Each structure stands twice: as structure tokens, then as C-alpha cells.
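Here come two complexes built around chain A, the first alongside chain B, the second alongside chain C.
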Partner chain A sequence: MIACGHSNDQMSSCVLDEETFCRCCQLFLEHSHSLCDGWSWQLVKGSEEGYLRKVALGNVRIRTSSNPNQITDQYIQGASSDQRQGRTSPFTPHKENDDDHNDEQYYDDDDGAVCCMQDSRSSGVIQYEYHILYSYSYQTPVLYFRASTLEGRSLSLEEVWDGVHPNYRQRLQHGPWDTITQQEHPLLGQSFFVLHPCRTEEFMRPVLQAALEEHRQVNYVVTWLSVVGPVVGLDVPLSYCTKVPAPSHTSPSPLQPPALQTQPD
Partner chain B sequence: MAAVSVDKDCADQKLQFAPFSSALEAGFWHQLTQKKLNDYRLDESPKNIKGYYYNGDPVGLPTRLTLEFSAFEVDGPTPVRCCPVTGTLFNTNTLEAFKTSDKKALLEQQAKEIWDAIQSGAALDDPSLLCRFLLLTYADLKKYHYFYWFCFPALCFSDGIKILKEPATLEQIFSPRQTAALQSGYDRLCSETGTSAVPYFLVKYTEEDVEVAQLRDWDSFDNARRTIYVTVGVYDPCTLPQHPGWPLRNLLFLIACKWYVPKATGFLLDVLEVVCFRDRTLQGSRNIQHSIVFQVKLPLPDLSLNAVCPKSVGWEKNPKGAMGPRMVNLSECMDPKRLAESSVDLNLKLMRWRLVPSLNLDKVTSTKCLLLGAGTLGCNVARTLMGWGVRHITLVDNAKISYSNPVRQPLYEFEDCLGGGKAKAPAAADRLVKIFPGVVAEGHVMSIPMPGHPVNFSEGTMAQARKDVEHLEKLISEHDVIFLLMDTRESRWLPTVIAASKRKLVVNSALGFDTFVVMRHGLKKPCEPDDSSPSVSSSTSSSSSTPAEPAQLPAASLFSNIPGHRLGCYFCNDVVAPGDSTRDRTLDQQCTVSRPGLAMIAGALAVELMVSILQHSEGGYAVASSSDDRMNEPPTSLGLVPHQIRGFLSRFDNVLPASLAFDKCTACSQIVLDSYEKGGFNFLSKVFNSSHSFLEDLTGLTQLHQETQNAEVCMRTAIYTAAYTLQYIVQHKHCNTHYLYM
Partner chain C sequence: MIADDKDVLRDVWFGRIPTCFTLYQDEVTEREAEPFYLLLPRVSYLTLVTDKVKKHFLKVMKAEDVEEIWFEYEGTPLKWHYPIGLLFDLHASNTSLPWSITVHFKNFPERDLLHCPCNSVIEAHFMSSIKEADALKHKSQVINDMQKKDHKQLWMGLQNDKFDQFWAINRKLMEYPTEEGGFRYIPFRIYLTMSDRPFIQKLFRPISPDGHTHTLGDLLKEVYPVAIANEAKRYQVVIHGIEPLLETPLQWLSEHLSHPDNFLHISVIPAPSD
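Presenting the complex of A and B:
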């Protein structure tokens, strides 16, 4: 359960145990499925641990200096110089159109049945990946996130920052954006950005204590996410706050991760 | 239903499909890397993988086929409401194999499998066989460059597909009641088949009702309607209002082949109605009304027994719109060294974002630091510099690592002491790179010639000394900040002179048993002819003792508001020239033991002082802050920029004295700098080879000593050269001007 200063007289912190975290997540997921907004519970292969995950798409300006096309050109030119001299690789861009020419010999898509797509549509698309994990050391949920291009290249924090609307930046700079660090995902071992949990208790305590005084039940994960989510562009619809219940105290269910639901509702 | 009539507008219009855009999540490449390293290794055989597409995107997003980290678990779950697609991965071992692989053959092989599935009827039972992909990859795991090329094979009708009725939204065609029936019918189909999304299905409808069924149920699913036309549904990932997405293409082939000549009725069915099923949930509200409906005339495929596989297309264009592979450089997110660098950078930026918004980090990280001495101070200074993200650190030392070192010198280990011990400087540099591969660290084994330590024993020793001086001059020129961290006083003299002459910032640190000093040397004004700064007097050295001199220097300036160019150096406070301090010492004086925490404190303060200086707009010329300034508005975002920090561990106290440059200083006075700049090594060798009286004669200290029989003058000198002693030092018995050095 959520322990707060009032209930345990010696404790001055507002912490969340793992079982409550899992039950909060289960209730969170039930509502997510009704909204069809893409949250799912990911079990880590060969372990009982898991996390909430969501992928959202958006657009961001990508800095020209890290334009992947430029890198491609540079690299391919560099790579081809390693090859035998005078050899023409199928995609060495000697001139703009030469690589097309080289591939025409085996490929012709001009069957008239492909509608013309502006590729700029996909070049600015960014995949935002959000993971909610339980932190044993801080006894709070932790938000991990990363953003990547459709090629699977993770963006630097500067590039993510570029995608933040200027009107919102000033507020963020003083807000919890300043707690973003880069860390290995504890379950996946890949590099993610993290909203560091060191301040979580600071902003959760007043909320939880107020709720306690009003005898109101709070779903910790929902309350927490509605504060930290917007910082990194993650929208939490209001209905989560109004419709997702707190885990019941009277009938504790056995500890188990939320069921993985793949069925449509 | 109205009879089918061809819209005049689209009499010649051909159906066009929106191709898939490949979409890879960052986790996919991580997983491919793991598979390649641990599983596939050199195995190039095709592997089954899995992707998915979604039909609920908002308008404007490309039609994606997404592969995430779970792509390698073919039997794993598919995200809710997504349609799985099986694919084949061809991962080559070399770039050459990637380039030369026969793309035409790969595509044709896939097309053939689809064609076979259509002809055998397998695709009717399992329509997911119609939509598949092929992924050709080459992973350069040294550079973390990944080459890839997707192919989404599609069979082509040679003359295209004629549109009979232009696409309209479902809202225009279906009543709300029909729409609701279609939606619930589709959901029921999903739960019946136990899948997250059914890619293809049959539809029949009246004004009252809509029914859906699996493709395989064709024969039992109301044959009567087929006399007019057939309606099929496709789970459509496209959001364009006029075009279906790619998955429809091969379905049209299946339908053309299977039902062009109906078995039972003998009617020719060449009109097909298509519902591109699009299913979007916004703010919890689900909607399929933007699905599109249109009619096409199916061409007659060659159905003879020996029919060859039709022409196929499907290789994805690269971002330039050309036929070619894509490459993604993931070194920043996969290369451990790059990850370490970005983590270190981010950590520092956090400090800026969180606490000191005006902090100029680039000024710190781009500073090239030369550390003279790689002992307890050198090791601690180097580590603190790394903490600040300094990327260029050079160490100089001539000692070897001994058994007593590792416990106090945090860049060394026991192993480094074995076999006589490794040379300190290179060992320290190697360790720095091990700690953080992003640092450029060098170690130079070198002795620094010292005053009173003759080098003229032979031509060889002279040549060596000349070489050492040149080497040191070169190193000092190449760096921005020079740290003096040696264990003897005299060895600091030569770098002090060279750095003063080259106008390099010097940060000096020395330790006693429980006291330390950390100071910046005064930074002389840039070399200009006739620069007559008041602190730089002419060779008429006695002028400092004339009554006129103190009048030029208001009393306040003795202790406060001293600009950086008038600050003293390490030797300014001395009234004797540096000599051989390692000789003729009592054991107590020679004892180089300090309290173990002292080097960490002093080393850390030396770096923090440097950082504060760099943050000041005037850098080394910044006015010295004093202890009195602690209550005032700080001159930099990080606070004060003192001249000296003198610490007393016994009292756990630091003071911030400031003192003027001494015009008879044996290291930084104008006469010494002039002699060095004009005489070069000839002058220096005289200093090395002579007793301390040579420098004292040169600077006028000798004359001063003779005059100091007059007690008043002596006192004045003491005030002038070591003003801090009056204020802070005299009462501490450990703290006269003779510090012991580590």
C-alpha cells in the first residue's frame, strides 16, 4: 500500500510498494484498453518482472548536422574507398542519380500502381517510447523514455528538446525536465533517458497527504504519471484521473503482474 | 443496391496503392546486435522475423510496417489492434555480400511463394500468407553502422486495376446502423479467430445489417450476392482518402484467381467492392467512419496450368526517393564509449540546467590541462578534471609507482608497483582512458631541471637538460592551464617562469602536514612594448623601499581588489631564491607525509578554482576575491574567484588571501622574465648551475637583504610581500612560507 506520514507515525515519506505498483498498473491498463491508447504490459523474457510500455508517434525537426542522409552519403563514400579501386558498388553515389541507374537492372517499380508518396512524411516522424518501471531503491514508479527516427536511431536529448514547443520550454526548464538523466534500462540493458525519481516523493507527498486527509483513494501511478508525463510529451487523458480507481485495500489480490491483454475489447 | 455503373470521371483511372514505410524501433537494432553476436554469428541463412501494421493512425502519418525489439520472437504477442506480418531476415556477414546479394532473385523467390500460396489455396485458409516482407541487413558492429533494405513483395497485374467507383468514406455509404454492425461484426471475427486483427475478410450487407466472415467461408457466405459483385474488407494501414494501403495488392490477386470463374454459378465476377477498414480511437471514442469504400474491375489473370509467376515489385525506396538501401549510424546509442561520453556530458549539463543556468561548460571541457606531477595531487586533480568533463589531460612525472603509492594515489593499483614499478605519468594516462575512453590523456616521463641542481656535469647532461627545457616549453605552449603539483619547491620554478612568459594560466597546489595552499599565479598582461604596470618596476629595485612606493598602492589594494595581472606567484612571497630544498633538511622538514585527506581536498580545490576562473569573463585577469567578499555579489555563476585558498585541516578552515606580485620575485619579476626571454637556455642553465645567490643578485633580493638590518624596512617588506601572514598565518605554527610538499 501507499505509506504516508499520517498512517505510519515514524515515517515521513510517501512510498509505493511493488505489489501496489502492480495493482495500480493493472487498473491503469484496464482503462487504457478501453481508450485503446496503446499501453501494454511487457514481461521480460525469463523473468517475472515487467513494465508498462507505450509507443507514440510525433513529428520533430531533426538538426541538419545529424541528418541521417548525410551520414549515409559520407559513410558509403568512405566505405567504398575501402573496396578495390575502380570498382563501382551498386550504391556509390558518384552523382545524384547513379545509384538509381545501378539498380534499374533488376528493379522496376513503375507499374503505375504505386501512389506517389512524399517521403518527407516519414523523415520527420519520431517514435516516442515510454516505459514505466518500479524502482526498488526509491520505491516509486520511474519513467524511462527514448525517441527514435523510423530508422531506429535514438535521438540525443538536444534533439528531443528541439521537439519541445518553445512556449513550453521555459516552464520545463525549471520543472522536472532538469531531472532527466541517461541510464541503462534496468530490464533491457539499453540506453534510455530517465526522469530521475529523486524528486518524485517531493511532489507526490502533498498530493497523497491531501487525499489522505479527505479520505480519498488515489491511484499512485495515475497521479504520478499525470505530473511527469507531460514533461516528456506524454499525454495522460483526464479520464485516467477520474475513471481509474485506486487498488482496493480490503481485498488484496495475490501479487501478480497485470495480465497481458492482446484481445480487442 | 443500385446496379453497378462506371463513373465517367474515373473511366481510365487505375488503382494506386500507398507503399509501406519501414519503421524500426531502437530496440530492434539492439536485439539484432545481440542475435548476431550470440546466436547467428556467421550464419547467413534466412531467419523468420515478425513485424506489424496498425490501422488507427491519425491522418498524416506514413503507412508503416513496424519492427520492434520483439521482432525476433515470431510466436510472441502482437500489440493490441495490430496486424502481424511475417518476414524473412537475410543478415549478411559482409558489406560486400550485402551489396552483391541478388535483390531481383530474392524478390522473385518471395513472390513465387505468395503465388504458390494463392494457387494452392493455402492463402485462402491463411490470408496472412499474402502479406509478408523481406529484410536484408548488414551490421557493422565495429562502427555500429547498420545497412538495411526492406522489400514488401506485391504481385502486379500487367495492365493495372481499373477503378469503377471512386473511393468514398464509409460514412457516405453506410448508415450509422450499418457502420455499427460492421464494427461489431469485425470484432466478433477477431475474437473467433483469436487474433488481434484480421487482415482480410468478406463483407455482405443489406440496408438493415452487415455481416462479415473469413475468406475461407466464401462458399457458405451468401452466394446470391455474387451475381452483382463481391465485397471484401481489408484491415488498411493507410490514412489517405483516395488510396488503399499495400496489403490489398496481393488480396486482389487471390480474388482474381479464385473467383473470377465461380465454380457454382458460372457467372463471371469481375466487379469487386473493397472496404478499407480503418479503425481509430481518439480520446476513448472509437470510429470507423473514415474507412474508405470503392469498386474496381478485376483483370483476368493468366490461369493456365503453366502460368508463370507474375511480375512483382516491392523493394523500398531510400529517403532520397531512389532505389537503394538505407544506413543508420547508431554509434551514439550503441557504442559503449559514445554512451559513456554522452552520459558524462548529460550529467554536467544537468548541473547547468538544474543549478547554474549560465554555466559555460564548453569553456571547461575544451580546456587543455597540463599536470606537472602525477603523485597524490596529480592523481586527484586529474580525477576531478574528468568529473568536469575535461577531455584533454597531459601528465608529466619522472617517478615510478612504489608500494606506498596506490593507497593515496587513486590512479594506481598494487599491480602497477611490481617489477620496479611502472612510470607514473604514462600509467596515470592509461588509467584515465580506462576510466573514461572519451579522454585524450598523455603521460610524459621527464625531469624538470631545477635551480641549484647543476646540469653541467657533462655534455650529455647539458644536452638532456636543454631537451627537457624544450620539451617543457612545448608542452606549456600546447596547453591552456598549467597545474603545478610537484613534490619539491624548486621544480616549480622553471614552469612558473615559462608559463608566466607565455601568459598561461597557472594553478599551483602544495601540501603541508595538515595545511595546504591552492593558488592561481598572477597572469601578466599580454606582451607589449613599454608596458609599465606599477607592479613591474625597473631594475632600480631599491625603489620599492622608498616612501613613494606605498603611496602608489593604496592600502586597500594590498588586500583587496587586486586585478589578476598584479597577483603574485608561488615565489613572490619568498625572500630567498629556490635552492636545493631536498638537501640539508631535518627529517621533519623532509617528511612528505600529510593527512591523507589533504591531497583530495587540495586537488579538488585546484580544479574548482580553475573552473571558477574560466567562468569569469576576464579569466586569469579577474580581480581576486577575498574572504571579505563572501558576503558580496559573487563575480561568477559559481561564486568567488580567489587568488589563494589556504586551508588548515586542524581547524577545518579555509581562508582566501590575496597578495601582490613582488617586483623582486625570483620567478615572475620582469627582470627574470626578460632574462629568460632574451637568454633562453643559456640563462636557465646559469640558474640551474648556480647557487641561489644568482637569482637573488639578479632580482635585487641580495641588496634587499643587506638593507633589512633596518627593522622597519624588514617589517615593510614582510607586509608588502606576504600581507596575508599578518592577517591569517602568523598565529599558525605550521604556516610560514615554508610549505612542505607532497
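Presenting the complex of A and C:
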């Protein structure tokens, strides 16, 4: 169940249990299939655990270089925050004016920020892979993602940060835990980028409380993804928010008025 | 905590593994690279304690032949973000010492290893684990009530191998309301060698609803029964290089045998056949 409770000291918390997570994902998937937008449920070998997965292709401008250190230097040189304002996010589909930028530096039209392209072998197409897992520790969903060129080169953290919309970048850089970091995927053991889940409860709580007060049910996964997805270039069409129901419960609704609610434990 | 228990904390902190670092044979060198010997702290991280190793091999290499350092044991890339003692128990515990690690400066295995460009990445990872452990133990209340300088002290204690400095703060993370009898949930990970899946992590309470104390055996039975199946000792359950009795209370293990990141890292490995 999704539980929202008030304890004596006015602290409330909204947690998502694993079963409800799975049910939310199931409903999410039903809508996804009707849109054919590429989500699927992956099972972990030898267990009942699973996660949502989506692979997407994007045609973007990315900084490519044969020397990984060069990327960092260019990033630092090229990127002061006012220069980068108005710069197109690499995550949005971009139509190239001409296809060949061999070893050429050029300036962004709008703001004069330097954006360098080398390595003409790079097609500029990036494959993104998104996974939605359940975190036991934080009792929330967590978004894992990775990106690579079609040639198989994994994108670096700098390149991933490039893809975060400037509006989100400052907020994400707030604290060491409020951010995108590279982590080990807990089910696959491979390197992924993760949007840290420790603040999820903070932004979900007002939404869940409001729903509680209005006697509305909420699909936790849909609501959560509509907040975190855009930060990393993952589009969540509006129909998810209008068409995907919350999981129903056979037991009495856990969304009760605060006065009657006890913290399940 | 009684005097004997404090000794356990020290023994865990000061555990060392004698290691021999050898440069990968295909690395390009200007002259022959000698192996480098080092005692590694079980509770630390490879990239935090191998500056000397790196310096040693860089002496015989040209700058253009050097990219990010990474370590490998018998073909398996070693995950720097796992504590050193865990890596040893998982991969090499029933082999002879010193532990032989191969050093690489090229062909970083992007899919398998996390990048570690500087110490602040290690610090971020370490603090993230501590925070996650406290989310499980105390709903993050203790860690969130601490000041930034306390967080820093935990990291500095680990980085500089200062037991007292570390435990001055960490002891707060090991407290719990007396009426509760223990933490809310135990932070643990069970690492498996014979699986694609790197580890198992679930919610597990130290005390059952009817007040009975859960043991290590209870945990395994619930979360990974294969480890203690009736077939005669096919697996060893190892923490910090030892096999604790399955009757050991889980709460005690969490307070005394956790790593500095506040997690119990448990290896389940095939028992040696002899």
C-alpha cells in the first residue's frame, strides 16, 4: 500500500511497498503497450523480482573525443552558466544542418557557447536505456539509466550532465546525494547512472497528501516518473497521468484521513 | 558495549590483507615493472589506498600510455566501490597469500566498473552507503540530525585510518531506542559468486514482532536459503574473513561486524573441497 501517516511530532512520510510498486508498474505497462512507447517488464533470473525497462534512440549533438580527458577540459572551458543558457539540451531530437563536422569547432547560434565536435565517425545517434527499480532502503522507485553511441562507446558522466536541462542542473547539484552519480545496477551488476532516491519522499509527499485530502487515488510510479523523467530526457506523455489508474486494493483504502491513520510498520 | 565487544570493533577496523600488485603484461613500459607489495585495509577501498601502487608503476611508463587505473584478479575486474575485505573474501579467500592483483592502465571495462577519477567520488559513494544504511536503521533521522562536519569526520576517519575519530561519530549511528531492542531494519547485502546478480538486499528486522531475536541463520533462511541448505557444507558464509556462527544475533552483527559504511557485507562462497 501507499501509506501516508502523521506521527505525534508532525512528521509524515509516504512510503511505497514492493507489492504496490509492482502493481503500479503493471498498470503503467498496460498503457505503455497501447502507446507502443517501448516499456517492458524484465524479470530477474531465478527470482520474482523485476523492473521496468525502456530503450530509446536519440539523435543528438554530443561532445565526442578519442581522448576522454579532453572532454572534461572542454566542458570546463566551454561552460559557464550564462553562456549555456538557452543552449539546446542534447536530449531533444535535433536536426543537423549539415552532417559533417569533421574536427571543426563551431559556435552555437544563440549564445556563443562553444560546442566542439570531433571524431567524424560518430553518427551522433545515442542509445538510452532506462530502468525503473524498487529500492528497499528508501521504499521508492529509482531511475537507473545509461547511454552509449551506436559504436558501443558508453557516455561519460560529463556527457550525461550535458544532457540535463540547465533548469534542473543547479537543483541537482545542491548536495552530494541529490544528484546523478554512477552506480552499480543492483540486479545486473553493471555501471549505470542513477538519480539518487533519498529526496523522492520529499517531492512525492505533497502530491500524495493532496490526493488523500481530495479522496483521489494516485499511481505512484506514474507521478514519480513524470517528475524525474524529464530531468534526464525521458519523455512521459500526458496521457499517462490521465489514463493510468492507481492500483486497487481489496483491503480498505490505505488513504484515510490523517487523524485515523497509523504508521504501518 | 562491554570491553570484549570493543575489541571486536578494533579487530575489524585494523584487519589487513597482504597483497602483491603486478602490472598487466601487455601494458607498455620503458623498462621491466617490479611487483609492488602492500598491506591493504579490509575496510577501505582499492582506489583510496593504492596511490603508492600507481606511483610505482608510473615510474616505468610514459604518460601517453596511462589512462584510468583499474584492478583485476584472475580475469575478473575488481569493483573499487566494494570494500577490499569483501573483494578478497568473495574472490580469493581460500587461496594462498599474498593476494595477487593485476594492475591495468588501459582498456577500462566501461560496463563493469564505475569510474573513479578522484577521491571525492569515493567519499560520495561512502557517504551514500552510510545514508542508505541509516535510512534502514533509523529512517534517516540520525544521519540527517548530524552536522556536515560530523559527516566529514566519518570520511576523514576512514581516509586517514583513524579508528577513534571515526567511532566518535559512528557510535551515534549504532544507537537505538531501548524499547525497540534494535534497529528498524538491518543494513546488509549478501554477495553471491555463482550468479549474474551481484547481491541480495531485502528488508529484514532484527527482532520479530513477538520479540524474539533474529540470528544470522534466520536471515539466510528467509533471504537466501541455498546458503544453509542441508547438503553437507557446500557453502561458506563469510564476514570479514571469518564464518560467524549462524546462531549469532543479527543485531549484534550489525553493531560490531558492519563495515565503516554501516552495512553488513556477507559473502556466500563455495566451501573448499577437501
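By definition in this document, the second predicted complex is superposed on the first by the 169 of 265 C-alpha atoms of A that agree within 3 Å, B and C clash if a C-alpha of one lies under 4 Å from a C-alpha of the other, contacts with A are read in each partner's own complex, and residues count from 1 in each chain.
Note that a residue touches a chain if its C-beta (ideal position, glycine included) is under 8 Å from a C-beta of that chain, and two chains touch if they have at least 3 such contacts.
Note that the coordinates shown come from a computational prediction; the quantities given were computed from them, not determined experimentally.
In the superposed model, A:T242 lies in contact with neither chain B nor chain C. Of the two partner chains, chain C is the only one touched by A:V44; chain B is not. Touch criterion met: A:L150 reaches chain B, while chain C stays clear of it.
Of the two partner chains placed by the overlay, only chain C lies in contact with A:P186; chain B stays clear of it. The partner of chain A that touches more of its residues, comparing chain B with chain C, is B. Comparing the two complexes, residues 45, 68, 153-154, 156-157, 177, 181-183, 188, 190-191 of chain A contact chain B in one case and chain C in the other. Taken in their complex, chain A has these residues touching chain C: 13, 44-47, 68, 136-138, 153-154, 156-157, 176-177, 181-184, 186-191, 196, 198.
Those residues of chain B lying in contact with chain A across their complex are 14-19, 21-30, 56-57, 60-62, 64, 68-69, 73, 77-81, 95-96, 99-100, 102-104, 107, 145-146, 154, 156-157, 160-161, 187, 190-191, 196-197, 240, 242-243, 249, 281, 283-284, 286, 311, 313-315, 317-330, 332-333, 339, 342-343, 346-347, 349-350, 353-354, 357. The touching residues of chain C, when paired with chain A in their complex, are 67, 79, 81, 110-115, 123-125, 127-128, 131-133, 135-136, 139-140, 187, 195-199, 201-203.
Looking at the complex, you find that chain A touches chain B at residues 33-38, 40, 45, 55, 57, 68-69, 71-72, 75-76, 79, 83, 89-91, 97, 99-100, 103-104, 106-109, 111-115, 117, 119, 121-123, 125, 127, 129, 146, 148-154, 156-157, 173, 177-183, 188, 190-191, 237, 239, 260-264.
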